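In what follows, subunit A forms one complex with subunit B and a second complex with subunit C.
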Partner chain A sequence: MREDNEDTERNLIQQYARRAIERPESAYRVLLYVVTAFFLLASLFPFYWLFVIAVTPNRSIVDMGLLPKGFHPSVFVEVFETIPFHIYMLNSAIIATLTTIVVLFVGSIAGYVFGRYDFPGRTPLLLVVLVISYFPGVAFLIPIFQLFTANIEFLGVQSPMLYNTPWSIVMPLSALTMPLIIFLLSTFYAQIPDGLEDAARIEGSTRLGALVRIIIPLSAPGFATAGILSFIIVYNEFFFSYLMVSGTGDWSPILHGIFQFQGSQQVAYDLMAAASIIGVVPMAILVMVAQDYIVSGLTQGALKE
Partner chain B sequence: MDTRRPSYRLDLVVLDRIERLSETQFVYLMLLPVLLVLGSMAIWPLLYTANLSLHADNVLSPDLVGGFVGLQNYIDLLTGRANPILRRPFFDLSRPFRSAVPVTLLFTLGAVVMETILGFAMALVLDQRFRGRRFARVAMILPWAVPIVIQGMIFYLMFQPSIGFAVGPLNDLGLISASPLANSQDALLISILADIWKQSAFMALLILAGLQSIDRSLYEVAKVEGASRLQRFRTITFPLVLPALLVALLFRTIAALKVYGVVETVASCNTVPTVSCLVVTTWNAHRYGSAAAIAFLVAIAIGLLLLIYLVQFRGEEGGGLGV
Partner chain C sequence: MGSLRLATVTKQYDDVVAVERIDLDIADSEFISLVGPSGCGKSTTLEMIGGLTIPSEGKVFIDDEDVTDLPPKDRDLAMVFQNIALFPHMNVYKNISYGLRIRNTDPEEIERRVNEAAETLQLEGLLTRSPSELSGGQRQRVAIGRAIVRNPSVFLMDEPLANLDAKLRVHMRTELQQLQRKLDVTTIYVTHDQEEAMTMSDRVAVINDGKLQQIAPPLTCYNEPANQFVAGFIGSPSMNFVAGSIDGAQFVSENLRIDLSDADYDGVTDVTLGVRPEDIYFADAEPLERTEPIDATVDVLEPIGEKIFVYLDAGLEEATSGDWADADETVGRSQFLMSAPSESAVEEGESVEIVFDRTSVHLFETATGEAIAHDIVSEPTTPTR
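This part shows the complex of A and B:
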């Protein structure tokens, strides 16, 4: 029996080999599937690992193998019972939304101007925008921290105490996300034919009228891409989200929620893993729904920069 | 001005004024919001940091910094004289895994090289037509969309000695120590691994854009001429995708030089002291002058890198950062 099996196996391999030599395309096909499988495994395995840790009861989390020890799905409810994790998630969503609104509003005007007008100072200004996007977050940290802890005086006015509020994260991140969005939208606006705007102007539309009636409706896809990208970038951000709130205030984003489980006595590994899975869910949904926007946005915005 | 025009339609008056502006005036009016945001949240902070970096540290009195010292902070950092006052040395070759500059460079080199290779391979896969391609694309993009804190948490949970499945076997093989997250060298390696997991997809997407802009008829011509798959790759794919690859490389290099979040979550800034980490720990120690000087040195290094790139590839079609 066994020999038979080996025989057929050998035959199968020989068959594959012969076919591969005769038709290299099919061998190539096999290679493609192997490589794809490797990438899928590498991308998805870490999520599986989170799941393993999450459903294993915390006291059993010792010397884990690749399978969960026990099954304890109620951990996903416990996350919300232990700390108000939904508040942290909501905070992250609010911060990301506010930043996206600011970036889209301000960035789209700038993108429109850079994309459709040629004016003195255009190249130096674009260069400044580009250079800003390359500075490390730490180069902005000290003054922005001073500013938002009411330690800066300007024209006799004390700066507001914004530390521990969403604005202390929204404002610096708006500025740092802005360059990417400007480059993305300016290429988008530049692709709209001049004729359309000119026609509207000849028909008696004002500058702003043409902008509102012609340009804005046509740029909806670019707008969507820019919005999704900036939402993802801000939701995932670490530096300012970590340092501009104390972590105990009411406005802490998701990362402080996850750090909460590193308790003083015992680390709740299962809760930490479960919270991480829950924290990824919004992004997973967004990527699934908006994958085409993300791909086109990243490639356009980045390559044009 | 027609004085009989009803003046309560303020919006019309404003629109009228905007209509009369010269084009340059109109443009700068439109740019006002962005100049305000970037000016207050980016340019002013940079100037402020630059100014701080020229002042002495002031640990004792409530003032932020002491007197003006010129470039002394920079000199102290670059000559190693500042090392004793920092949490970890800035540059100390006798302890490469404990000092900021070598750690950051090793991180950048390791992460970016691997991300380029894997990203290229991933892009080649995603460029093919096969069943389930959309699913494969979502699965491969997903790591890029994961919050940095969760990325760090995943690798922390994998390599935490008492729980992670990877520590035992790898330790038996002698590849890592028994408590890798407390060992600077191992923790650096794990941070690089975490970065590769998340950022290869970003690299792949940028390279994919380059691949998809290649004119497919070139391949047909090459096929007719009898070029093998490898020849086609060497003579068509690689040279044509190179500009996109270089941009992706530049992006990732710059981001890797700024790394902070992953190392802080996977291990800690004390175990893997990258330059950004060192700025934060120095800032926490109230040494604002030194912290600002380190931050600015990072910025200068990145600026130089960008300059080299711009000069090297200026005017090259599609490859330059065509501003």
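This part shows the complex of A and C:
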């Protein structure tokens, strides 16, 4: 055995393997670093690449390497000079806010019912909600498009013309975000002791009053998490944001702002990249500010059944 | 005003009947305790009065108004919960004033009433604290404050003292009683502690297995229990039971024979004899009416200060219980428990002679548990005390 010991020292890999078997935690740590590094690279490299493209003057964007060819930071100002990019950002924020309001309003009531009420059919209904959350949103695209462009008549009622309004994005996205929010909020609401709600009701609240005055304030982390998540999801969404507005109307989101730099003759890659980075900034700030909330919100919801 | 009536109220959950046909008639400003073992349906009964649970059958009346289908907020009652249930995100002032604020009471009126309640409950300095900064007793006071500030017509209390330590509990018990007398509000008090029920209430409603066993003033429950369950539940330590039969005007059970020639037992033959530990004496003591002496051996002595609990082996099989009883609460002793004066000079293992006080020997029909007689003395018993 001792001879084996000496043998292993000859080979670096064997030596490492031996150490990893003796002290598995060191191997785990190495693994953690490797995996973390991979994820960091995978998620941060696109931003670096965007930055490289953005600061490189447009005519130099050929055969790009890892480093920018030239340095042209004024592109970030140019974005706003060329088009009213801040309006597109505002549109996106408004659409995301509207969706968040709808989702939180409906989702908190639904979450309350699922989290605190035991009624016949509760489990099947929750399952249906879960199933819907697995549907790809694109699957609904064509029927919804027809519906929102006043092409469907039901019982003699013409469907409304919502194309090119924020509602054409808000409504489908609310529906798609809803299951997640219902799940999140119901786990939060389920944790509030029954006694508090009973007390509020005895004191004179209705069930809805108790929800607003007692249960929601006490599940503030969950409520905030749900709100931030739905905001981010909608802000980042592509399909409906792209297809439910023409891009020339008043309600185009960031996405269409970025596409404005894509002309028929020429593509302003540097401006597109710069606009993309600018578009991400509000979300990055939001996540950084709220990350404690989000993490505690998600893990609390996950840990407590 | 706050009279309350339950008319054959039943609550059924799927297969389980939590409360079965309970009738209660509670007068204005009365203090009633609902007492019984855990899971007997007393809390469910209270929740149905409060409107937190809707009865499956039967009706609830407050001041002769049918409130069965009214939500809690429209019933004009207040409740103190076992887990206290203060709103953790509100300070004491906001907790107490919650009900008033919900009802859009005038802010000056709110302030006046909260201060008044705070004064009554000695909470003046604590109004801006949050519940997490309070001690158990203070929290309990805030919960009571939240209840009294609205001047409701009925108070519901669901084991409000259960989470307090023993000393504070006795203290709060007195305070609650004084408060109830002062405010003169109908109070329904749920507890599993028969001593609490006995000391605080005008009347005690003993509930077991979802059914009302007896509702009577505390001492009536103690002296004239309606059935074997009440007999075993009320009084601590609980009553001794011996199953036996009546044979030739004698209660017969193995080596125990008691003359029943003076008792009125309605021709029932299978009976259970019940005698409280405090109604057992050594043969050399001199109660007024006594049974014939019984030989017994002292098993265990438990001195508790003012008296000694003496566990006696009288060579008897343990008493049986009918289906109606909660077995572990009432029976299961093959020993007799006697509560003797602390100066009694007895030793473990010693042979003694004991006698029962004939005026306090209870007879129950074994099959149903119903009380047959509450003494075995010739004179007709006084019906109430």
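Here is the rule we go by: the second predicted complex is superposed on the first by the 246 of 305 C-alpha atoms of A that agree within 3 Å, B and C clash if a C-alpha of one lies under 4 Å from a C-alpha of the other, contacts with A are read in each partner's own complex, and residues count from 1 in each chain.
Criterion: a contact is a pair of C-beta atoms (placed from the backbone, for glycine too) under 8 Å apart; a residue touches a chain by one contact, two chains touch by 3 or more.
Just so it is clear, the model here is predicted, and its values are computed rather than measured.
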Which of subunit B and subunit C A:Leu126 touches, first, second, both or neither: first
Which superposed partner A:Leu184 touches (first subunit B, second subunit C, both, neither): neither
Subunit B versus subunit C as contact partner of A:Leu196, first or second or both or neither: second
Touched partner set for A:Leu271, first subunit B, second subunit C, both or neither: neither
Partner chain in contact with A:Thr206 - subunit B first, subunit C second, else both or neither: both
First (subunit B), second (subunit C), both or neither touched by A:Leu98: neither
Touching partner for A:Leu218 - first (subunit B), second (subunit C), both, neither: second
Common ground on subunit A, meaning residues reached by subunit C in one complex and by subunit B in the other: 206
Of all residues in subunit B, those that touch subunit A in their complex: 15, 18-19, 23-24, 26-28, 30-31, 33-34, 37-38, 40-46, 48-49, 52, 64, 118, 121-122, 125, 128, 130, 134, 136-143, 145-150, 153-155, 157-158, 160, 162-165, 168, 197, 201-202, 205-206, 208-210, 229, 244, 247-248, 251, 254, 257-258, 260-261, 264-265, 276, 279-280, 283, 288, 291-292, 294-296, 298-299, 302-303, 306, 318, 321-323
Contact set on subunit A toward subunit C in their complex: 193, 195-196, 198-206, 209, 213-214, 217-218
List of subunit A residues in touch with subunit B within their complex: 24, 28, 32-33, 35-36, 39-40, 42-44, 46-47, 49-50, 53, 61-66, 102, 105-107, 109-110, 112-113, 117, 119-120, 123, 125-132, 134-144, 146-147, 151, 171-172, 174-176, 178, 182, 206-208, 232, 235-239, 242-243, 254-255, 258-259, 269, 272-273, 276, 279-280, 283-284, 286-288, 291, 294-295, 298-300, 302-305
Interfacial residue positions of subunit C with respect to subunit A in the complex: 47, 50-52, 71-73, 77-79, 81-89, 98-99, 102-103, 146, 150, 156
